[in-house]
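Here come two complexes built around chain A, the first alongside chain B, the second alongside chain C.
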Partner chain A sequence: MTLSPLFSVKILLSKLLVPIVSVLLAFGIGAICILICGANPLVAYASIITGSLGSVTRISETLVKTTPILLTGLCFLVASKAKVFNIGGEGQLYMGAIAVVVTALTLPPLPSILFIPILMLIGFLAGATWAFIPGILKAKLRVNEIITSVLLNYIPILLTEYLVLDAMREGILPQTAMIPSSAKLPIFISGTRAHAGLLIGIASALVLYIIFEKTVLGYEIEATGENAGAATAAGIKVNNIFLISICIGGGLAGLAGVGEICGVQWRLKSGISPGYSFYGVAAALLGKNHPLGTILSSLLFAALITGAESMQRGAGVPISFAYLIQGILIICVLGGEILTRKMGLR
Partner chain B sequence: MFLLFLDNGEIKMASTKTWALLAIVLVVIIVVGAVVYYVTLPVEPETEKTKVACLLPGSINDHGWNQAWFTALQVAETELGVETAYSEAVTVADAGGVFIDYAQRGFDLIWCLDFGMSDAAIAAAEDYPESTFAVPWYGVHGEPPKENIVGYVQGEGPTPGKGIQDASYLAGILAAGLTESGIIGVYGAMPAIPVVAFMEGFKIGAKTYAEENSMALKCLQQFVGAWEDVSAGYETTVSFIDAGADLIYCIGDGISFGGIMAAKAEGGVYVIGGAGDQRPIDPEIIVASIDYDIPKEMLIMTEAVMNGTAAEWGSTSKWVEVGGNFLIDWDEVSDIVSSDLRTRIEDAQEDLLDGTIEVPFITEITPPLDYTP
Partner chain C sequence: MIIEFLRATIRMATPLMLAASGEAYDELAGVINLGIDGMMAVGAVSAVIGAYFTGNLWMGLLLGMVAGGLLGVLMAFLTTTLHLDQVICGIAMNILAGTGLSVVIYRRLFGTGGIVIDSPVIVGFADISIPLLSDIPIIGQILFNHNILVYLMLPIIIILMIVLYKTTIGLNIRSVGDNPLASEGLGVSVVRTRYLATIFAGIMCGWAGAYLSLAEIGTFFEGMIAGRGWIALSLVIFGQWNPLKILVGALLFGGVNALQMRIQVMGIAIPYQFLLMLPYILTIITLVIGTRRARPPAKLGIPYKKEE
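And then the complex of A and B:
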């Protein structure tokens, strides 16, 4: 177990100082880039802050984006604890979304208290099933899960295109019919888009925290990740652990799909995720692969995305520079990770 | 991770701790510099101008739909003195927040420029009645009138002779007149009604010319499935060229650009551009463009907002039409078009405008054209 001790200086450096310095450094380099493009970096960054946290609506928009980033971050995190690198969160998110829409439009409308848990279960299972494929290939045939999970992203995205353009299209636009009202997640800040999916994300992070802190399964996942050979010698069935960890992760990404459909879009259409799962990977890394740290880092990335739109509007910085800053942030985070290891802080 | 430095004339490497120290020092310098810079920043006064914003699905330099709207914003700024803003590459997932943001910042007219964002615009319009939202094709198919939602369309009914199908009809004649292989191709983003009408208009024009000249003609067709995917447009065009097509007509944003790139790379193939004058991209490849008069559309609606008459448009489901010169701009047509073909198209254009011929507005895609005299 490596999650709890927080009082040594080394751990403090590793867990807090390095990520904070990484983020600040990224913003510093980003400022130079913004200056080069002829804009004012302070206005740009002020736009990011006001655009993501400047009002109740902006905060709610940040929270809306936090949800899928957090859930897909947890998707990556849980598998990476076992040293399984699931980069297929995007496809698993879409599978969850597709399954939820098909179910919601097929079943007769049920009361929300029944309907939403059913849809969450369906979404979780759909994501987990899609993650099972790279998992079983890894466990049984030692096929590199990075490659298979990345390639499996494309199928659900293209399946979505097919469904909205043809099989499930409703009306003149490429989209399905709207799900029943009782399938919609409640909005928890009135007049905004902030929906209860965030609570699902936070609850998932807490459950994972408990799993890794208090359960045998959590111990076995971490032990497998630390040293699969030693774990096998200790009687842990590492293949099962590979499979379980990636499937739990896939299920969480499926829940992200549920959140996007039942909380934001209310129907299936192309482009419901602009690559949330890739932000999720970065969030898990920045969160030091800790479920609670991932909540904070997801919030940061969501604020950055929401704020980047405002930066474009408020400071006249081209959107490509917003992406550039996000990229610099990811590089600095990874650099901080390497530095941490080199300095022997973990 | 190491840093090189000199120690008594000898090159040595700094430890990772030095790197960490350097990073912290750099951060401190940046933070202090930022604070000093910020306190000396001049404050810009608030303006009372009418504010107009566009949510663009793609980039403002795509030589197509997005660039045309960016240009229209600039025209509105110059001619009407309004304050403008735009957001590029807005995704379906992000659109809701962007609409709300503009509405909260007091923008009077907010253009939704992608079908996929329509739901988000309509939802925002509900919560922000002070802002007017221009939504593509809203009201055309029976959507309930709303005070602050205005539909805008390209063609169909309201402007005979200037509809999307009419411009494509002329493009079809041009394509059939230019092809040497007897095979042409047309592709659009997805089977949304305007895209279908555009493709069908093209096929009708091509078939008309083929019948008049007793020539065999095939028209390949495809939906690419995306508006902005440059590589998808490229691949579709290559597949058309592999099937023998030597003239391609495409509508879309990035997909159109991809088609032009493929035609250039493959050689011996011409392109008819859409959604704005695309000839400057490559005048040797692009023989003509279907040019929307988007600035006119922008000016009509912005003036309505400034005069306080926008609500009338919304409450009656009237549509702002892409008016003006919606047909081929002859100043920008390639020299390879013969005078006979040019005359034929000019005649057709006149017939369209005076109502002598009427191109049907087809909303369901028909099989690919395969005409044998």
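And then the complex of A and C:
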């Protein structure tokens, strides 16, 4: 079946329209909230923009934060395509980070070309293993994966705290020793913190895009998400699909942990992720569950939190305001989709 | 020592019980609200605000419940009127309310430049010894020496049980969650019932959050809910949507929490981080057990549209 050009323009429009209108609406509602707080929304928003994009340093900070948001966003995205909701990206990120630090400090320093791929693999496997728990419980016993994946966030965070305060503490500060320099990811804008983790994130998005567009696995994941009963009837092993999709996602969140350790922190500390995975969930939803759309929305959220730090200093609006905007944004996107469906645009 | 342990068990079960039984009503009516963790956070901060600025703990509790109820209205509007995906709305509610709104309000009211230096201290609800009963050895100390909000649990559970299983209201709630089409045919408004159930769940979350800030902790801090909303969600399944069975589960959790605190106090050489993991691990285990027996409401999570 061929689509008329007008119709495909309409489809593209409806795809972009909802996210754009949602962003405008969310920032509009946000402006009202800032007014109620007694601050000037224009000053606040201007400081978000200068704080996130105002200089090479600020831009690179935005890129640094894009990486974990993008990877945890993809983590949510893969599973949600199969209608499995993995809200455990935070814990999976920490598991990746812990595994990478332990490995990097245990192995003799290898050359980067060998070391970094090994660490990436370890981080991926650690995240995937942690995601396997809610996955297998859902697949075998029908246990609600949302609740289990959220609860499993707390354990690696506590484990990290134990490691940096106690078992692996090095020196006065609560942190581990530094990883060998051959385990550090290269910086791509010199003089800043922008590291190659972003490329891992973008590559992961492209791989997922190809998986969903071109492979049987991608098709099976989407078919399972659309109608698990029909997928089963068509011979797809939906339980395996549940498990595979959540584990791939967990692995990507683990890679986010690798990026934070090998690219930013170079050691384990508590609080290495200030809730990146929740931004990731919002980014995936704003990106309409499309891997490439998620790249754009991750950039937006990274700019939002990077800029929110300046906003807190400049306009006195707390950083957590960024979360408020996110929540509103998710609701606007959902509402917008219903609306476009009703208007017959899709 | 065992007396202290059992007292703490009851105290810690209270907020879980409140949030979980509200959620049970909501789910029985067919609406799953995954945002209760965030709603509890807003309830907790609102209660501190109310108590701090009026100097009256009851005003704090009231404000906490009102704030929870308002979020319930929002949730009901999104899920019942707009028919948005309940799972995603719940996730959005957690981000919006839990990590966003509660912290923004707190930092704005009690901080400067977005940072709180002096957190407001609330002298919480005091323990009241019930005359005569509290003189009974051991049992008296365990059961009859608590703050007023703990005592309130008993009548609340009785009322919740009676309403749910002995009145038309309860019957309507359950039928709306199981077969909305049939209940509409019998003249029960699905929309109204679901609205009321969702708002009620919000009020109960606000109350649970207010209990934590006003009776347990005496102030608000970021992350103080620590996943209790999610624990409550699994208690609903563990307790098969029945307030009395939920109480059993809540006491189990209260017990584990009290136990890990006891072990910390006694200085047994287990790192405290591992003790703090216990409640989450236990929740997952009970969720697995609960799911095996669970018979959830037939239309749980499915929007009801009249025209269909």
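Brief remarks follow.
Note that in this section the second predicted complex is superposed on the first by the 308 of 346 C-alpha atoms of A that agree within 3 Å, B and C clash if a C-alpha of one lies under 4 Å from a C-alpha of the other, contacts with A are read in each partner's own complex, and residues count from 1 in each chain.
We take it that contacts are C-beta pairs under 8 Å (C-beta built on N, C-alpha and C of every residue); 3 or more make two chains touch, one makes a residue touch a chain.
Fair warning: this is a prediction, and the values are worked out from it, not measured in the lab.
With both structures placed on the common chain, the touch criterion links A:Glu161 to chain B and to chain C. By the document's definition of touching, neither partner reaches A:Leu71: not chain B, not chain C.
In the superposed pair of complexes, A:Pro318 makes contact with chain B and with chain C alike. Within the superposed three-chain model, A:Gly327 lies in touch with chain C and out of touch with chain B [touch as defined at top]. Contacts of A:Val101 after superposition: neither chain B nor chain C is touched.
With both structures placed on the common chain, the touch criterion links A:Thr148 to chain C but leaves chain B unconnected.
Once the two complexes are overlaid on the shared chain, A:Lys342 sits against chain B while remaining clear of chain C. The residues of chain A shared by its contacts with chain B and with chain C are 158, 161, 165, 312-313, 318-319, 338.
On the side of chain C, the complex with chain A involves touching residues 34, 78, 82-85, 87-89, 91-97, 99-101, 103-104, 107-108, 111-115, 226-227, 230-231, 233-234, 237, 271, 273-274, 276-277, 280-281, 283-284, 287-288, 291-292.
Remark: chain A residues 18, 21, 24-25, 27-28, 31, 40-43, 45-46, 51, 55, 57-58, 61, 64-65, 158, 161, 165, 171-175, 191-193, 260, 264-267, 269-274, 276, 305-306, 309-310, 312-313, 318-319, 338-339, 342-343 touch chain B in the complex. Of all the residues in chain A, the ones that touch chain C in their complex are 33, 37, 85, 87, 133, 137, 141-144, 146-148, 150-155, 158-159, 161-162, 165-166, 275, 278, 281-282, 285, 312-313, 316-328, 330-331, 334-335, 338. The touching residues of chain B, when paired with chain A in their complex, are 1, 16-17, 19-20, 23-24, 26-27, 30-31, 34, 37-38, 41, 53, 85-94, 96-98, 100-102, 104, 115-116, 118-119, 127, 137, 141, 190-193, 223, 225-226, 363.
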